[in-house]
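Below: one structure, written as C-alpha cells.
Order of writing sets the labels: A, B, C and D. Residues in every chain begin at 1.
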Amino acid sequence: MKGILKSMMVTASTFARKPVTREYPESHRELPERDRAFPLLLWDEDINEPFCTGCHACERACPVECMTVIMKDNPNHTAHDGPSKRRKIIDSFYIDYGRCMRCNICVEVCNFEAIAMNNTWQGHETSVYDRSDLVMDLPQLLAESKAGEIQEWVAE
Amino acid sequence: MTTDETNGEAVEETPPDTFEGTLWPDVNRALSAVDVRPERGALDLIVHLPRKDVIRGLGMLKHDDELHFDYLRSLTAVDNEDEGVDVVYHLYSVSKNHNLTVKTTLANEDKVLETATTVWQAANWLEREVAEMFGVTFNGHPDPRPLLMPEDVDLSDVHPLLKSHPFAEIDVLQGEGLGHDRDAPGDV
Amino acid sequence: MSTEIFGIENVNVWVDGLIRVLLIVGFMTVVVMGLIYGERKILARFQQRLGPTRTGPMGLLQSVADALKLVGKEDLRPRNADPWTFELAPYLVFVPVFLGFVIVPFVLDWQIRILELGLLYFVAITGVNIVGWIMAGWGSDNRYAMIGGMRAAAQGISYELPLVLALVSVAMVVEVPLADGEVARGSLNLNEIVASQHEVPNIVWQPLVVVVFFIAGLAELNRTPFDIPVGESEVVGGPFVEYSGIRWSMFFLAEYAALLIMSLLFAAVFLGGWAWPAGIFTDEDWPRWAQALLVAGKASIFVFMVFWVRASVPRLRIDQLMGFSWKILLPLMLAQVMVNGLVLVYDWPEIILTVVGLIGIVALFAMVDRAVRQPRQRPASAAQLQSEAV
Amino acid sequence: MVVEAPSEFETQDLLINVGPQHPSTHGVFRMVLEIDGEVVKDLVPYIGYLHRGAEKLCENNDFRQGIGYMDRTEYLAAHNAELSYVMAVEALGEIEVPERAQWIRMILCELNRISSHFMFLGAFGIDVGVFGTPFIYAWRERETIIDLFEEISGDRMMYAYFRAGGLAWEVPANFENRVREVLASAQQGVKDFDGLLTENEIFIARTKGVGFISAEDAIEMGMSGPTIRASGVPLDIRKTEPYLFYDQLDFEPITANGGDVFDRYIVRLQEISQSIDLIGQCLERLQPGPITPERMPRMLRLPEGEAYIRTEAPRGEYGVYMVSKGGNKPHRLKVRSACLSNLQVLKQMSVGQYVADAIIILGSIDIVLSEVDR
C-alpha cells in the first residue's frame, strides 16, 4: 500500500498549490506579438488607402487557395493628381477563414507588406453560425487595421 | 526513373560507378542468383530487381547472415505514369545498422506481385494500403480488405494515388456569389 | 397510537412518521446537493483547478443548475429496451438507499425509528440496489450497459460479505448496560452502539475493521478504485448509458445519498457518533446542536477520504477486484470475528482487540504487496487464446 | 418431448464495437472486440476515419506549401514531422543548413517530444482509471511548452516554422531563459507523475505483464519508438543513424526489457527526463549566427532523385520518402507512419487479455490517428 499512500501524498501536495485555470471570457491570456490568428490587410493612414495593390502573389502562393483578388486602377494615383504612387489598387479581396490554415506564406510572399497576421484576441474569436460568414471581404479585412488596433509583426 | 544507361548515351560513357562506399559488394554476393541493377540513392543504395524474383531476393537479403535485413522499414509504390508502377521496399538491419532500398517495376497492364508478408509480417497493412491506393494486387495476401478506404462503398476500381486520379475541385465560397450581400465590393 | 415529536404530545403515529420522513427527504436532498458541489470543488483542488465558479457566488448554485437541467432534459427510452425493467430500475436503486435513512442515528433521539435490529435492517436494504443495477444494465438493450450491469452484480455481491462481517464484528463487542447494572455484550441497535462509545470510540478497538469497512464501502458505492461498473474508459457509463433526464438524476442522487448514509454510519459505528468526546468531559450528553456538528465533522472525514482516493488511485480490473475481496478481505474479517469471539468468551482484556487489529492491518498491506508482485495468473482459456492468436 | 440439455451451459460471444466515438480510442479508431465474458477472443481494428489524402495533396503543393500538411499528419509533434519533410528537401537539393538553425531545430523537436509524451501520460492515466488527475498534470506541463511554441512560431500546434534550408524567422530574444523556465516546470511534471503512478500498487497490478510483445516479434512487425524500446531493442534513430547534431550529444537510448504496458509507460517517462537533459546540452552549444543560407531561390526547384529520410518522432520512426522529377512539386511523397506499424501488433497483444486490458494496451501504443490515416 506504500505506493498508494505516496500517490495520495502527491495529490495532497497539489491540493495546496495555486490553481492554474484561468476564467477565460473575463481574463484573456496576453498574446505574444508573433501570434498568428488570421491574415488581414493593412491600411496606409497617410494616403488613406490600403497598401495592397492586388498583385495576386499571395493568391498563387496560398496552399489551400482561400484567397480571391481583383485589382483595379487607383483613382487617386498621381496621374489623376492624387497623393498615391500606386498605379493599381485592390478592388475586392476575399479570404475564406474557413479554409485558411494560417501558415503565414502569404505574409512572406507579399512584396508590399500589405498583409499581416492578426495577433489580437478579436482575430481568434471568429465563431459564426454559418460557414459562408467566414468569407471575409475587403471592408472586414481592413476594419481592424483602419481602426489602428494592429501592430503587425514583421519577421526581419 | 533515369538509370545509368540513359545518362550514358547522352554524354560520353561515364566510368561505371563502382559503389565502393555502399553495400553493393555484399548485396551483389547475396543476390548472385538474381540479376540485380544497383543505383546510388541520396542516402542509401537502391537495388532494382525484376518482378518475378523480388520475393526470392528479399528472402535472400533477410536470411543472409552477412546482411541480415530483418526490419522492413517501409513499403510503398511510385506511379511513373507510362513507365509503370515502382514498388519500393526500404529495408534495415537492426543488428548491422545498415539500410537498403529494393525497387521493382510493374507494367501498367498487369500490376500483380507476390506478397512480402511471407518474408516480413510488417508488410501486411503496408501492402493493403498500396493495393487500394495504386491498384497493385498482392497474390497470397492473408487479408486483402481495403485499409484506409471505406468498405461499405465499392471503391475497388478507384486508386487515388495514381497520377491519373484527378484532384478534387475546391468549392470556391468566395467571389461575387456567396461573399456578402454588402454594398458594392471595393467600397473602401 | 400517539407519540411525542419535538415536544408536541399525542401526535398520530402516521402523521409523526410522515413528518419525520419529509424532514429526512429535505435534509437528504440539501446535503446531497452540497455533496455533489463539494466533490466537484474538492476534486478540482486536488487537480490544481478551480471547479465550478460560474453559477452563483463561487459556483454554489451548480447543483441546483444541474438539477434544473436534468429535470428539463427529455428522458427517452431506447426503442427495443424492455419497458418495465428499464422504467423501474431507477426506483429499485433509489428507494432502498432512501429507506436506509430510517435507522441513521443523527443526534441523540433524532432518527425515524429506533430499531432493535438496525444494522441488520441497513445491510438488508442496501443489498436490494444491486437488483436495480442489473435491471438497468439488462433492460436498456445496450451491450456496454449489459457488461456494466453484470460487473455491478459481481462487485456488489462480493463486497457485501466483508461489509457485513465488518459490521458484525463491531456489533459483537458493543457493551450494553442492562437495567440491573450488569453489562451485556453485543447489540444491533445503532443507538446502543453509539451510546456505548462514550469514553472510547470503536476505531480504537477495531482498527482493521475500520480499514476493511472503508474499502468495502468504496466498493459498495462503486467509487474509484472500484468504479468498474461505471468505468468510462471501458464501459462508458455502465448501466446508466441509456438513461437521461430525471431517470439518470435518480441514479445520480442515489449514488450520493448512499455516500451520505455510508459516511453517517461510519461516524456512528466507528467514531462514536454523537457520544464519543461527550463521555470524557461530562456524564450527560452535549446539547443537540453540538452533537449535530460532531456527527457532521466525523461524517465529512469519511467523505473527504472518499474524494481523496478518487483523485489519486487508478481502477482495478474485474478479476483483481474479485480476488481482492474473496482472497484477502474475507479471510481477514473471518479471523477478526473469531478473535472477537475468543475475547468475549474468555473475557480477555480489551487491549488484545487493538493489537490484533493492528497486526491485521499490517497483514492486509503485506498480502496486497505480495499479490501485486506475483506474476499474473490468467484463466486457462485466456492463455490458450493468446497462444492461438500469435 | 424431452429436450436434451446441452452438456455445459452454452454461452454466446458478445461483439462490442469500441469506437470510433469512444472515450479511450485516442481519436477516430475503431476496433470490434469479440468477447467471451470478459476475455477478448478476437479483435478486428478498423482505421481510415481520418484519411485526408495528405500524400496526394503534397504532390500538388510546392516545397514550402507542403510543410503545413506535414504538421497536420502528426498534430502532437508537428516539429518532428516538419523536420523529416524539410530534411528530405535539403537532401535532394543538397542545401546547406547553417549550424544555429540545426541547433534550434533540435531544441524544438525535443521540446515537442516532451509535450507529446505528456499528452500520452495524461491520456494513459485516464485509460487506467485515475479520474482526471494525470490529465490535468499533463495539460499543465503541456500548456507551458505550447505557450513557448506560440511565442516562437506564432501557433500552438501547427507551427509551419521549419523551411527548406533553415527556419522561417529568428527565435525571440529571450529564447534561452524561456526554454529553461519550461524545462523546470517539465521537471516538476515528471516528479509528479513518478510519484502518482509509478509505484502505485493498483497501477502496477493493472499494467505489469499486460500486452506483452517480444523483441523478435517487435522487429518482425516493424515497430519503432518507445514501443519497441520497451521490449529491449535499442532502436533509436537519434543514436543508430544520427541526423542534425545528435552525434555530438551524449545519451543512451532508454530501453526496458519487460515488453509490457508498464515498461512502455516507464520508457516514455524517462525519455522526458532524457529530453530535458538533451535540451540543456543543446542550449550550451547554441551560438548566434544566420538561420537561412545566404542565397535561397524564391521558387525552389529540386533536381531529379529520391530520398528516404527518417527521424525519431515521439511515437517512433517518422519517415518521408520523397521522389522528385525536377520542378517545384514533389512527384511522390510517402509518409512512413510509426503508429501504423505499431498498431498492427494490437491484435496479437490483446487477444486473450481482459476487455480492460485491451483498452490500456491500445493506450500504451500511444497512437495519433492523423499519422495512422494520413
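Everything that follows uses one rule, which is that contacts are C-beta pairs under 8 Å (C-beta built on N, C-alpha and C of every residue); 3 or more make two chains touch, one makes a residue touch a chain.
Model, not experiment: these values are computed from the prediction.
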Contacts common to chain A and chain B (chain labels): D
Higher-contact pair (C-beta pairs counted), C-D versus B-D: C-D
Between chain D and chain C, distance of the C-alpha-averaged centres to the nearest whole Å: 43
Mean-CA-position distance for chain D and chain B (Å): 24
Centroid spacing, where centroids are CA-atom means, of chain A and chain C in whole angstrom: 56
Centre-to-centre distance between chain D and chain A (centres being mean Cα positions), rounded to whole Å: 30
Multi-partner residues of chain C (at least 2 other chains): 46-49, 311-313, 368-369
Where chain A touches two or more other chains, by residue: 1-2, 4, 7, 10-11, 14, 20
Shared interface positions of chain B, touching two or more other chains: none
List of chain D residues in touch with chain B within their complex: 47-48, 51, 53, 55-56, 60, 91-92, 217, 219-222, 233, 235, 240-241, 304-310, 317, 319, 321, 323, 331-332, 334, 336, 340-341, 343-344, 373-374
Contact set on chain A toward chain C in their complex: 1-2, 4, 7-8, 10-12, 14-15, 17-21, 23
Contact set on chain D toward chain C in their complex: 14-17, 22-24, 36, 38-41, 125-133, 136-137, 140, 196-197, 200-206, 208-210, 217, 347-348, 351-357, 359
Chain D partner contacts - residues on chain A that touch it in the complex: 1-4, 6-7, 9-11, 14, 20, 31-32, 34-36, 61-63, 101-105, 108, 117, 119, 153, 155-156
For the chain C and chain D complex, residues of the former touching the latter: 43, 46-49, 143-144, 146-147, 224-225, 227-228, 231-234, 236, 310-320, 368-369, 371-372, 375-376, 378-379, 381-390
